[in-house]
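The structure's right below; bear with me while I get my questions together.
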Amino acid sequence: MATITQVPTRTSGVATYYGLSGDAWKSIVIAAVIAAACVLPFLVSNYRTFQFTLVLVNAIALLSINILTGFNGQISLGHGAFYAIGAYTAAILIAQFGVPYWATLPVAGVLCLVAGFLFGLPALRLEGLYLALATFALGVAIPQILKYKGIEDWTGGVQGIVINKPTAPFGLKLNPDQWLYFVALFVTILAFIVGWNLLRGRVGRAIIAIRDQPIAAQAMGINTAFYKSLTFGVSAMFAGIAGALGGIAVQFVAPDSFAITLSLSFLFGSVIGGIFSLSGAIYGALFLQFIPHVSEGISKAAPGAVFGVFLIAFMFIMPVGVAGFLRLAWMLIRRRIATRMA
Amino acid sequence: MTAILEVKDLHAFYGPTHVLHGLNLAVEPGGITALLGANGAGKTTTLRALCGMCGTRGQIVFEGVSLAGKATEDIVRRGIAHVPEGRGTFTGLTVEENLRLGAYTRKDKNSVIADFDRAYRYFPKLKERSGQQAGTLSGGEQQMLAVARALMMRPRLLLLDEPSFGLAPMIVQDIFGILRTINREEKVSMLLVEQNASLALNIADHAYLLETGRVMISGTSDTIKNDDSVRRSYLGY
Amino acid sequence: MEALLYQILSGLATGGIYASLALALVMIYNATHLVNFAQGEMAMFSTYIAWTFIEAGMPYWAAFFLTVVISFAGGVLIERAVLRPFEQQPSVLAIVTVFIGLLLILNSVAGWIYEYTLKVFPSPFPERSYLDGMVNGHQLGLFGVTFVTLILVYLFFRFTPLGLAMRAAAQNPESSRLVGIRVGWMLALGWGLAGAIGAVAGMMIAPIVFLDPNMMAGVLNYGFAAALLGGISNPWGAVLGGFIVGVLENLVGDYVVGTELKLTVALVIIVGVLVLKPSGLFGKTLVTRV
């Protein structure tokens, strides 16, 4: 009589930590963060709420850089231009045409999507350093373009345009700062969902493949030209939406707010936050908003130097940024506390 | 006669990959030694290890001085010239500039001029093309240029990595004839890596046969040539 | 007609500025195959150093040469201390980030030490104007200095063993080591020379645009345009490119789009050259094997 040896069945191969899988923990953390973010405006002053609104705006802008540079390998030192276009679009629509503020966001987004896609086309022929160079030139030129007398009637020239802060609708008991914060929060969450969806699945893999091995990707049949332009467009779209939100938050757009330093701050916010991950955009945004205030205590001019030093140090020690560092730390911790289901 | 180059228990690494496992070899002064073996046996790696172009462990002694752990540019300044796989010519520079670079580390201006003449005497084709960009030369001409550049260094040991690769037989004969002349007249010792075993054995005094990073057989080239079993199993003819 | 001539001459004068900065860019490119984003800030910082010496009472030319020497050392230091760790991992993002970091540090430190008020920087050339008021002494002097620098750079690369070694090291570091070239020091030397040339450019530019920490940002754009237009590896091309960009900027600025959009001209040139003919008018096309 043959004996059949029972092979022990494994109900799942997933590692668990105190009873929950890694993915479950991730969802819990994200939900907790969102919950905390929703409660925040009621716990802090109006000014702080305003600052956090700007953090959200920055996060969207840095998300655009992470997608374009971190995941697709195209370096842009000129994204301040798209941010500016978004900001001005919102300002002009509100001030000249009385368009409601929330409608300006999609318009800014679409406009920048097209602009980005169009800029991405000649940029296809540029690699690495040369793309950086061309976008740098764009970033330097944009304030001048915005000051151009020919379009002054629309742009308000050097003085720029002033916008009124939107008030909460439906008689909600929120002051303008708080309302705007929630608008920004909503848009940010939406942006991250879109970004996350873009990057997983076939499209995401194509985008990343183009970053790592462009020639092999092309040889495999991936339409690199299309994906690169698409990524540029989507990235510009995010930057434009961020700009529109930012302009509304600050209530003011003027050419000199969009100098090359803005584009450069996007780059280093991304690098420090972690350019190869989505969450890096948030860490970077926090860094950009709060560190200058800290370093300004030392000297008016210090923020730039501090950023510069951080930038070089991070690139050398931790090119994956804060997000990458946290991920590494998590990986070390999980080894200790993982319990397997047999 | 003490060897001009003595290698004992040489291990080589590309990063974490262990490629050579305890090689022992020696090159006699004024002699030509061949390194034979199939693709991937570790012949090129041996030459690169000698020049400090990969991680090494073990003894490398040249003219009584240890080379282990030294930087490539310091090793070649001691009198070793390496004609690498793929020629290594400066394709963006002219033929003449390539030769001038060979003489970069030399202080004796007058003999450098004499050496230019000598190089052009050995390789008249190069003289014709001295102002041309090296990248536009044919394979054979680039090989000649690579050898000529190495000679401009007035080396006492010449390392050659597959000089016959991709070249027409007539050109190969030319080059090997010149190598033999140089060895005889200028007493330049040579370590020659070749896949073409019969070619190498005709010019060399000694030979080592490598397989997967180890020396399998060593001896005078006559012995190896005449050993039928070695010829058939390792050298394919 | 006279107005046109004036525009052209004035364009050539500013072109000289762009040409001298472009020369520094070409120098770094020839030594390292990289485009130095921080070149403008390096030049600006050097000029501040010179200003400090002059304010302290040093005669102009003494300050000039001392600054050039210090800038040379500074360039070498930057390469050895900041860039060397990144030589091994040539990721473009890392390199661009380091350049930007340098740019920010130099800009901020200059602002910190010297503040943002405009300062006057003297010109060593006579104040008089020549050619019926078409050009002034400083503009002529600028031409002269630019040409002398150009000739020195050209002679260096073409005829000296060191120049040859530098070009070789940038093209093929491995083969360069095999002929005994110390590649690391070649890179440092390239940066040192670029620092020195940048200092000269800055000291020539400052009398015109006044000295302040942000003086080089726009000029750098033109410098890039000039270097790219002429061929980033070719010093003659860089100078010619500089003059073309200068004249073009003036003519297009006056007759087509108005002076406010001049930076856009630089942008268009840069993008145009990179897309249509990346090796520029006189540069060599480099073929890379896949």
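So that you can tell them apart, the chains are marked A, B and C in the order they are listed, and the count of residues begins at 1 in each.
Note that contacts are C-beta pairs under 8 Å (C-beta built on N, C-alpha and C of every residue); 3 or more make two chains touch, one makes a residue touch a chain.
Computed from a predicted model, the values in this text were never measured in an experiment.
In terms of the distance between Cα centroids, subunit B is separated most widely from A.
Relative to the whole-protein C-alpha centroid, the nearest chain centroid is that of C. Inter-chain centre distance (subunit B to subunit C, centres taken as mean C-alpha positions): 43 Å. Subunit A and subunit B, compared by their mean Cα positions, are separated by 55 Å. Per-chain CA centroids place subunit A at a distance of 34 Å from subunit C. Here subunit B touches subunit C in the complex through residues 51, 53, 71-73, 76-77, 81-82, 84, 88-93, 97, 100-102, 104-105, 135, 149, 153, going by the rule given at the top. Subunit C makes touch with subunit A in their complex at residues 34-35, 37, 82, 85-86, 91-98, 100-109, 111-112, 217-218, 220-221, 224-225, 228, 258, 260-264, 266-267, 270-271, 274-275, 278, 290. Considering their complex, residues 69, 73, 75, 77, 122, 125-130, 132-134, 136-138, 140-141, 144-145, 147-150, 215, 260, 264, 267-268, 271, 275, 299-312, 315-316, 319 of subunit A touch subunit C. Put simply, subunit C touches subunit B in their complex at residues 161, 164-165, 167-168, 171-172, 174-183, 284, 286-287.
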